[in-house]
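Pasting a structure here, questions to come.
Naming follows writing order (A, B and C), and every chain is counted from residue 1.
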Amino acid sequence: MKAARLSVIAGVAVVGLALAGCTGGGSGGSGGGDASANLTSKGPITYVQGKDNSNVVRPLVDKWNAAHPDEKVTFKEQSDQADQQHDDLVQHFQAKDSGYDVVDVDVVWTGEFAAKGWLQPLTGDLKMDNSALLAPTVKSGTYNGTQYAAPQTSDGGILYYRKDLVPTPPKTWDEMLKDCDIAKAKGIGCYAGQFAKYEGLTVNVAEAINTNGGTIVGDDGKTVTVDSSEANAGLTRLTDGFKNGQIPAEAITYQEEQGRQAFEAGKLLFLRNWPYVYNLAKTDGSSTVKDTFGIAPLPGVTADKPGVSSLGGHNAAISVYSKHKATAFAFLKFLQSEETQKFFVTQGSLAPVLSSLYDDASLNTQLPYLSTLKTSIENAVPRPVSPFYPAITKAVQDNSYAALKGDKSVDQALKDMAAAIKTASAG
Amino acid sequence: MTTVAGPAAATAEANALPRTKQKSKTKSRQRNAGIRTGISAIIIVLWCLLPFYWMVVTSFRDVGYTFDTTPWFTHFTWDNYATAFSTKLGNHLGQALLNSLFIGACVTIIALLVGTFAAYALARLEFKFKGIVLGLILGASMFPGVALITPLFQLFTNIGWMGTYQALIIPSISFVLPLTVYTLTSFFREMPWDLEEAARIDGCTQAQAFRKIILPLAAPAVFTTAILAFISSWNEYLISSQLSSDATQPVTVAIASFAGSQPHQEPYTAVMAAGTIVTVPLVILVLIFQRRIVAGLTAGGVKG
Amino acid sequence: MSTSNVVAPPGTQNPKSPQLRAGVKKNRRQQGRWALYLILPTLVLLAVVIGYPVVSAIIMSFQKDAGLDPATGLFVQGGFAGFQNYAHWLFQQCAGPNGESITCPPGNLGSQFWNAVFVTFFFTVTTVVLETVLGMWFAFIMNRTFRGRGLVRAAILVPWAIPTAVTAKLWYFIFSVAGIANAVLGAHILWTSDEWASRFAVIIADTWKTTPFMALLILAGLQIIPEEVYEAAKVDGATTWQRFWRVTMPLVKPALLVAVLFRVLDALRIYDLPAILTGGGGGTGNATTTLSILVVDQIRQGFNSASALSTITFILIFLVAFIFVRFLGTNVVRTQEAQQKGAK
């Protein structure tokens, strides 16, 4: 029958289309050839970044375009959500899109994108001079011994505390726990961080583990080392905090904003958060702590070494599929130039990667947290730079969340975490 | 059509009360029914509007007091609406609104057209493979939408349609088609086709008979499907976020890219303002359309 | 153009005459051709947008995800995987450190499959039942004539008209520990992290948002019922309850079943709301992780395995729809003629 024949033809056509188009779905290491192409060519490029909250990028791009009329930069802005930015980049890389030349990558995406052959190795003609930068930021852009991404902004965790209740900030975790009696007397919570089941949890757990001398994976990025006594000690500090009420029960739902809200409402004595809270706590109409809070580096294990913060921030990388890599490379250097980095601070309150800027007096008056932030970043440890980072962070989140809620012992949680990370990298 | 085979005789006897008593009984029963309807209506309106009320209150609250839980308007400001509409940081909510309206209109019209054709064939015509066709159409609603993003992205990149309106309209039509076809089919089956037969005997073509007799009777179904299709495409986010460009992005994508003034800051108040802006025209549109349904039906003498 | 000149009105010809039978056959073929033209646009649209990704997903689900080449540190294409990806999800089989097969440990996405199935089905059953009951109530009220009816109808549509992303953020905001929900209830419920509180949060938000959808479809079904039917029933002395069950329900059944069927299909694929509201978390961390959330998480780790999961989800949903249609009698294949035969 005609209908039957037509439907058979249609079916075959659909399968044919599918077979023809299905190659793009799986990720292949086909970037090898592209890595050596277009190394010296110049021309217009596109810079891709997530939401430019503080309007720093547009003026910078305008400045560059005025100075380089033949190598104009077009700014493509993504959404504000890290996940959406990640997926958008993945889609374009998989499609081998040459329309994305320089991309802004979160510090945890380096391993994944580099291993998939999407990022241009910054070697040879494209080698960058990292001597003036803070060392941990460079580490976050390095995979398998090669640098793939150039740091442009950084971020680290700092401790906010109520200086009206605790005149000197604690230098160690144990000191902080002692100060919890003051919190109890006042009827407020003692300490909170970010403990909801999302990337922020990995940040906080990694900080606890790293501060106590443990690591999640070894230096090679592959060996799983999270099942160690140091890591155990670190995670136990958090679980004990929940168990003993020093960390309020509702902190298990906290992302950055909820913690900020609780601190501004005067309900917390100590808060671990990013530097962005500083300005908001001082200027929010509803903030009750405008003049009564101070900042300090994260508490460590011993008084001589501050706590380890998880490194935040963003790097800039060149796509292997870019057609004008020389221009892209020049743009990377522009992003790291002193003028640009200063502008990041003054206009956007973003932490720079140039270490010299942290000692600049005028910048320190503008951003009072700058010196604390420098300590934080100098001692920061990036989260594992691994191609399997999505699986690793999932393993860490799932198991530590269960441990914090008391559904699992810390021993079991770390064992499962190690097993899960191992299966991820075995795949 | 089924008729009631109830205890008619018994009730009829019981109802043989004196006339005045019956009248006042009916009147009081009607009043009770009226009161019950009124109370139900109020409860329903409250249930539907209270969270929306909170959204509006938040949207008018100063961003420094975002987390204030006072249930009425405090720290009133228009700032959030100004932020939502501002084009300073590359947002363009006004343009996004127009995009959504345009895309929604195209999706609705095309889906209705295509769906009506298919529903007519499925309800009225006799042919083999009808079950398979129905199954295939239903099957299109069974695949997780989240898994369609990557293949569609590649498809539209390959044919060079990235960021165009077509790339946003066509997937939305396909998402809405199964429901459209099934709803229209089920309504068309219930239509009095003898009227259409009579019209044809009187000289109309099949198409004319359909348009003049059946379609007006199916008006509630058609308008309902239109509203469903429009709001469906209005709500679409996953595919649009990947396939749209700055110029063609719909409101869902535009709102998702709102940001606070600082990294990590969640722009609740601005998002609530944008949500309010986006909902109000839609509700007005629907209000207009639902009046149409009522008007069309009372004209046709069917309960409206 | 019309086919009516081939077949005379029913009942006027000898049903067994060979001319009539030949005419009917020719009519059938013409009908078949017409049907093809009318249905083709629908099928083409669906084939391109949904058929092609489904087929390509099925094909990819039999490929292994890219593995890491230890020498270069780069990903290389995985080879053919057979049913390995499916075993990963259905039987929680993961690759152990020495290449052998082990049970997926907690924290690996494979271990969450059956939990996600439970969560998805739980959400589907509760939200669909709630939305159907509430939707019927709303539809009945909207169907009555009273002053201000237009405003009630507009109010009912508001929850559904707000974009899902905004709704999810709104409820996230409402359900935050220091948010308005706890303030009004005077409670301290951890809505986004307690096992059952998080599930109820998702259910409440979803019901609020989607009841208008059901109400609208049911209302359309109610509006088709002519007033005379109710009058006749009243004259026959039927009570309100009898009128509801014996008159309204059978007549509104087609619309109701279509609404419920599609609502079920949508609920089984729910993603936006739980993802933004709770991130799939709650309880021990996965109390609100639905199958679609699992798919998205897996896409970030390996697309071929995600394709296998999508295909499994697809088959599950197909089974549910099949059972639904089989047992609830959504007999959508009957045509008008069969209907007439049935009525006789």
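We take it that a contact is a pair of C-beta atoms (placed from the backbone, for glycine too) under 8 Å apart; a residue touches a chain by one contact, two chains touch by 3 or more.
Computed from a predicted structure; not experimentally measured.
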If you connect every pair of chains that touch, what shape comes out? Choose line, ring, star, complete or other.
complete
So which chain is farthest from subunit C, going by the mean of the CA atoms in each chain?
A
Just the chain pair, please, that has the highest number of C-beta contacts.
B-C
Can you tell me which chain is nearest the middle of the complex, judged by mean CA position?
C
Distance-wise, how many Å sit between the C-alpha centres of subunit B and subunit C, to the nearest whole number?
16
Rounded Å distance, subunit A centre to subunit C centre (Cα mean):
37
Rounded to the nearest Å, the gap separating the Cα centres of subunit A and subunit B is 40
Residue ranges of subunit B touching at least 2 other chains are 67, 127-128, 150-151, 155, 256
Touching two or more other chains - residues of subunit C
32, 35-36, 43, 51-53, 56, 176, 178, 299, 303, 307
Shared-interface residues of subunit A (touching two or more other chains) are 1, 3, 21, 25, 87, 261, 265
Interfacial residue positions of subunit B with respect to subunit A in the complex
62, 64-68, 75, 88-90, 127-129, 149-151, 153-155, 157-158, 241-242, 246, 253, 256-266
Contact footprint of subunit C on subunit B as seen in their complex
1-8, 10-12, 15, 34, 37-38, 40-41, 44-45, 47-49, 51-52, 54-55, 58, 67, 69, 71, 114-115, 117-118, 120-128, 130-131, 133-134, 136-148, 150-152, 155, 170-171, 173-175, 177-179, 181-183, 185-187, 189-190, 193, 197, 200-201, 205-207, 217, 220-221, 223-224, 227-228, 231, 234-235, 237-238, 251-252, 255-256, 268, 271-272, 274-275, 278-279, 282-283, 286-287, 290-291, 293, 297, 302-304
Mind pulling up the subunit A residues that touch subunit B in the complex?
1, 3-4, 7, 21, 24-25, 51-55, 58, 77-81, 84, 87-88, 91, 94-95, 97, 155, 256-257, 261, 265, 274, 276, 279-280, 283-287, 349-350
In the complex, the residues of subunit C that touch subunit B are 1-4, 9, 28, 31-32, 34-36, 38-39, 41-43, 45-46, 48-54, 56-57, 137-138, 141, 144, 146, 148, 150-167, 169-171, 173-174, 176, 178-180, 183-184, 208, 212-213, 216-217, 219-220, 223-227, 229, 232-233, 236-239, 242-243, 246-247, 250-251, 254-255, 257-258, 261-262, 265-266, 269, 271-272, 291-292, 295-296, 299, 303, 306-307, 310, 313-314, 317-318, 321, 332-337, 339
Using the touch rule from the top, collect the residues of subunit C that touch subunit A in their complex.
32-33, 35-36, 43-44, 47, 51-53, 55-56, 59-60, 63, 65-69, 72-78, 94-97, 99, 102, 104-109, 176-178, 188, 190-193, 279-281, 284-286, 297, 299-304, 307
